[in-house]
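What follows is a set of structures for review.
Same chain, two partners: chain A is paired with chain B first, then with chain C.
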Partner chain A sequence: MKVYFSLLRIRVINGLQYRAVAIGSILSRFAWGLMEILAFYALHRTNGTKFVMTFSETVSYIWMQQALFILFQVVYSDREIVTAINDGSIAYELVRPIKLYNSWFVQCMANRISPTLLNCMPVLIIAAFVVPKYRIHFPPFLNLMLFLISTILALAVVVALALLMHISMFYTTSPRGIRIIVTAMTTFFSGGIIPLPYFPEPVLKIVEILPFASMQSTPLLIYSGLVTNMEAVQGIGLQCIWLLILIATGMFLMNRTLSRVVVQGG
Partner chain B sequence: MIEFQNITKMYRVVKRQAGFGNAVKALFSREYETIHALNNVSFQVADGEIVGYIGPNGAGKSTTIKIMCGILTPDSGNCIVNGRNPWRERTAYVREIGVVFGQRSKLWWDVPIIDSFELFRDMYKIETKVYKKNLEELSTLLDLGELLKTPARNLSLGQRMRCEIAASLLHDPKVLFLDEPTIGLDAVSKIAVRKFIKKINKEHGTTVIITTHDMQDIEALTERVLLIGRGKILLDGNIEELKRRTSTEKRIDIKFVGAPPAICAGMKCQEIKQNQMRISLDPHILSVPDAIAYFAAHTGLTDISVSDISTEEMVAALYKEYDI
Partner chain C sequence: MKFYLRLFTINLKSQMQYKMSFWMTSLGQFVTAFTSFFSIQFIFMQVDAVDQFTYGQVLLCFSVIMMAFSIGEALGGGLASFSYIVNSGNFDRMLIRPRNIIMQIIIPHMDLTRIGLLVQGIIVICLAIPLSGISWNIGKAILLIAMIICGTILFFCLFLIKATVSFFTIESLDFLNIFTYGARQFGRYPLSAYGPKVLWLLTFCVPLALIQYYPLLYLTDRGSSLWYFCAPFLSLIFAFPCYLFFRIGLRSYKSAGS
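On to the complex of A and B.
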C-alpha cells in the first residue's frame, strides 16, 4: 500500500508545478461557470416555477462543478499512460514489481487531484463572493459529508472508466477516435453539460442508472441539495456498484491484454 | 541462472499498399503478415556470466530481452530465470532483476532523481539500511553527487544513463539486463559505464545480459557472445574464437614516399591514397615478417602497422556469412 501512496504523492507534487496551466484553467472555469449561470438565469426568468431544480440549486451545482471540473474528466491528458502505450515505454512499467492496473489507477487519480487542488479554491472563493443571486450556498454538515464521500467515489469511477479507455488503446493505432467518443458520451450523460434533472423524465430514468451519472451528477446533486439524504445514500450505493463492476472489468481486461502486448523497436 | 528453452514468438503486422484507395480499403479489411521474431530459440546462461547478445536490427535481440524481463509472453516455449517464469510470475520475478533500456527512461521526468529513487525504494520494498548503503556505493561509483537533486529532464544523456543504471541496481538484482546501454553516449561516459558494469559483475556476482551494436562494448565486457539473426541463434562462443573462426586475415597499413609498391601473392590491396595504402594479408600464403620485409625492400617505406581486423568488421563479415 505504501508504494501506491508514494506514487500518488510524487504524481501530485509533479502536477502542482505547472503555474500557467493552473491560472489558465481557473480563468476558464470561472468564465464558463458564469456563462452557464447566465444561461440558466435566462431560462428561469421565462418560467421559474416549472423547473425541477430551483435557480439557487442550479447555481450551486454549476459552481461546484466548475471547481471540481478536472476531477470528473474521464478523458484527461494522462500523458504518461498514453505515451507509455504509444511509444512502448510501457516496457519499463512492466519491469516494476507492482500491478500495472493499480499503479495506473493511482496515477490517473493523481493527475486529476493535483490540478483540482490548484483550481478549486480560487473558483470557490470567487463563487462565494459574487452578487448574492449568483452565489454558491453551503449545505448542512451531513450533506457536506455525503458529498465528500460521493465525490471520492465519483473520482474512482471516473478513473476506472478512464483505465478501460486506456486499455482499449492497446488495440488501436491512435487514441484520438476513442477519446472523442468517450468525451462526448461521458460529458453529456454525467450531467457535465446540463444537470441531469433537466433531462426529460423517460430519458432521465435510464440515464440515472448508467455509470455516467455516478461520475459527476451524484455528488453535485447531493451538494446542491436537490436530493434527500435517503436518495443520496442510494446514489452512493449505486456508485459503489459501478465502481466494483468497472474495476473488475478493467483488471480482467488488463491481464488479458498484457499477455498479448507487443512492444516494438528499441 | 537463465534457461531459455525452445522459445518462439511471432508478430502479426498489417500490410497495406501505398495510396489513397488502399488506405480506404484497409478501413474495411486488413491483410496481415506473420513475422517470426524468434524461432525455437534455446540457450543457457550460468550464474555470474556476462553475455553479449548481438545481431543486426530486427534480428530478435530486444524480443529476447523483453521475454526474459517478463514484458512479452512468447507463443511457445519456456523460460526460467533465477528459478522463476518471467511472464507468469511477473511481479515477484521483476523484484530480483534490474533492467536498463538505453532508448527509454524509467526516471520520472520532472522530479529530482532522488525522488524517483525513493519511489523505487518503496516499490521494491528495499530496507532503509540496504537502500542507504547501495545509494552511497552507487553514487560514489557512478559519480552521481549533485545529479541526485536535479530533475531528470535537466540532465544530459550521459548523466541520465548513469542515473538509470544506478536506479536499476538499487535493489541488489541478481540479473541485470542491459538493452543498448551505451547508445548515444560520448566516449568518456561509455568507458565509465563499461567499467562500472564490469565492477558490479565482479564484486556482486551479478549476471549481466547486454545487447548492443557497439562492438567495443562487447570487447570490453563480454567473454561470451550470442549471435542472433532471423530469429535464430547462429553462433554461441568466445569473442576471440569468433574472430579466429571468421578470419585469419591481417591488415597492414603502410605509408611510403615515391611509387606505390607492387602487390605480391597473398596480399590484396583494399585502399590506396596518395602515399598510403591498406592491404589485407593472408598469413597462410605470406607470413607477416615476410610481408614487412617485402615492403621494406621494395618501397620508400616511412611507416607500417599490422593489426587484426576489427570486431566491427568481423561482425559485418559474420552478418554477411549468415546472410542476415
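On to the complex of A and C.
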C-alpha cells in the first residue's frame, strides 16, 4: 500500500511544476464557466419555471464543475501509460514487483489530482466574488462532507473507466477514434454538457443508473443542493457499486491481456 | 496549384492507409456533434425559445457554426502541430522551399476526419431550414452560404492565431481554445443570449457574432438593415490582423532545432 501512496505523491508533485500552463487553464475554465452560466441565464430568463433545477443551483453546479474539470476527465493525457503500451516499455513495468493495475490506477489519479489542486482554488475564489447573481453558494457542512466523499468516489470511477480504455489499447493501433468516442459519451452522459436534471424525465430515469452519472453528476448535484441527503447517500451507494464492478472488470481484463501480451522490439 | 493538389492527394492517401482508424475517428467526431445536438434537443423539450429564437432558428445557428467549424478545423486544425514543427527544426526546411509557407503547413496536416462533424452539420441544417419558419428567397440563401463560408475563414484565422503564438511561447495556450472549441460549444445559441457585453466582444474583437447573430436577424426578418446582410463579409476584415500577426511571428522566428 505504501509503495502506491509514494507513487501517488511523486506524481502529484511532478505535475505541480507547470505553473504557467495552470494560469492559462484557470482563465479558460473561468471563461467557460461564465459562458455556460450566461447561457443558462438566457434559458431561465425565457422560461424559468419549466426546469427542475433552479438557476442558483445551476450556477453552483457549473462553477464546481469548472473547478474540478480535470478531475472528472476520463480521457486525459495519461502519457506514460499510452507510451508504455505503444513503445513496449511496458516490459519494464511488468518486471517491477508491483501490480500494474494498481500502479496505473494511482498514476491516473495523480495525473488528474495535481492540475486540479492548482486550478480549483483560484477558480472557486473568482466564482465566490463575481456579481451576486452569478456567485457560487456554499452548502451546509453535512452536504459538503457528502460532496467530498462523492467526489473521491467519482474520481475513482473515472480512473477505473479510463483504465478500461487504456487496456483496450493493447488491441488497437489507432486509439484516437476510441478516445474521441469515449470523451463524447462520458461527457454527455455524466452531465458535462448540460446537467442531468435538464434531461427530459424518461431519458433521465435510464441515464441516472448508468456508470457515467456516478462520474461527475453525483458529487456536483450534491454540492448544488438539488438532491436530499437521502438521495445523496443513495447516489454514493450507486457510485460504490459501479466502482467495484469497473475495478473488477479492469483487473480481470488486465490479467487476461497481460498473460498474452507480446512486446515487440527491444 | 498542381503542386498543392498533389500534396493534398498524398495526404488523403496517407490518411486512408488506415481505413479503420480514419472511419473510427470520423465516427467519433460525428458522435461528439450528436451529443451537442441532443443537448439542444433536450433543452427544447422543456422550453420553446431561447432569447426569442425558436427551436428551428437555434438549430440553424448550431448547424452553421458546426459546418464552419468543421471545415475551418479540417484546414486549420493541423496548425496545432505547428509547435512540434518549430521545436523539431523542420520549420527551417519549409522556409527554404519556394512555396507559400502557410500552404506547406496546412496541406500535409489537413485533418479529413472532420467530415464527421460536417455530415452532422449538413443533416441538422436540412432539418433546420424548414423548421426555422424563415421565408426563404435568393438573397437569404446567399446570406446563409456566406455565413458558412465566412465562418470557415474566421475559424481558420483563429487556428492560425493559436499556431502563431507558438512562435513566441513553447507552452500551448489553453485560453485560446475558448474561441475555437468554445465557439463551437457556445455558438449553438444566438450570441445575443449571452448578454450585451459578450455580444460586443464577439462583434468587435473576435467577430463570431458577425457570422451568426447579425445575419440571423436578417434571415428571421427582425432587422432588414443592409449592415446585417453585410455582416459575414465584414468579418473577413479579421483576416488582415491575423495574417499580419502571423508575419510578425514569422519575422521574429528563431530556429529551435537542428
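Here is the rule we go by: the second predicted complex is superposed on the first by the 266 of 266 C-alpha atoms of A that agree within 3 Å, B and C clash if a C-alpha of one lies under 4 Å from a C-alpha of the other, contacts with A are read in each partner's own complex, and residues count from 1 in each chain.
Going forward, contacts are C-beta pairs under 8 Å (C-beta built on N, C-alpha and C of every residue); 3 or more make two chains touch, one makes a residue touch a chain.
Here the structure is a predicted model, which means the values were calculated and not measured.
Look at chain A after the overlay: chain B and chain C fit there side by side. Comparing chain C and chain B on the residues of chain A they touch gives the larger count to C.
In the superposition on chain A, A:A91 makes contact with chain B only, not with chain C.
Touch criterion met: A:S25 reaches chain C, while chain B stays clear of it.
When the shared chain is aligned, chain B comes close enough to touch A:K99, but chain C does not. Judged by the touch definition given at the top, the superposed model places A:G237 against neither chain B nor chain C. When both complexes are overlaid on chain A, the residue A:L43 reaches chain C alone and has no touch with chain B.
Measuring from the middle, so to speak, at the Cα centre of chain A, the directions to chain B and chain C differ by 90 degrees in steps of 10.
Contacts of A:L7 after superposition: chain B is touched, whereas chain C is not reached. In the superposition on chain A, A:I181 contacts chain C only, with no contact to chain B. Between chain B and chain C, the shortest distance over C-alpha atoms in the superposed arrangement works out to 5 Å. In the superposition on chain A, the residues of chain A contacted by chain B and by chain C do not overlap at all. Residues of chain C touching chain A in their complex: 18, 20-21, 23-29, 31-32, 34-36, 38-39, 42-43, 45-52, 171, 173-175, 177-178, 182, 185-186, 189, 193-195, 198. Within the complex, the chain A residues that touch chain B are 2-3, 6-7, 10, 13-14, 17, 88-89, 91-92, 94-99, 258-266.
If you check the complex, the residues on chain B that touch chain A are 11, 62, 66, 69-73, 87, 90-92, 94-95, 97, 99, 101, 103-106, 108, 110-111, 115-116, 118-119, 122-125, 179-180.
Chain contact summary for the complex, chain A toward chain C: residues 20-21, 24-25, 27-28, 31-32, 35, 38-39, 41-43, 45-47, 50-51, 173-174, 176-181, 183-185, 187-188, 193-194, 198-200, 203.
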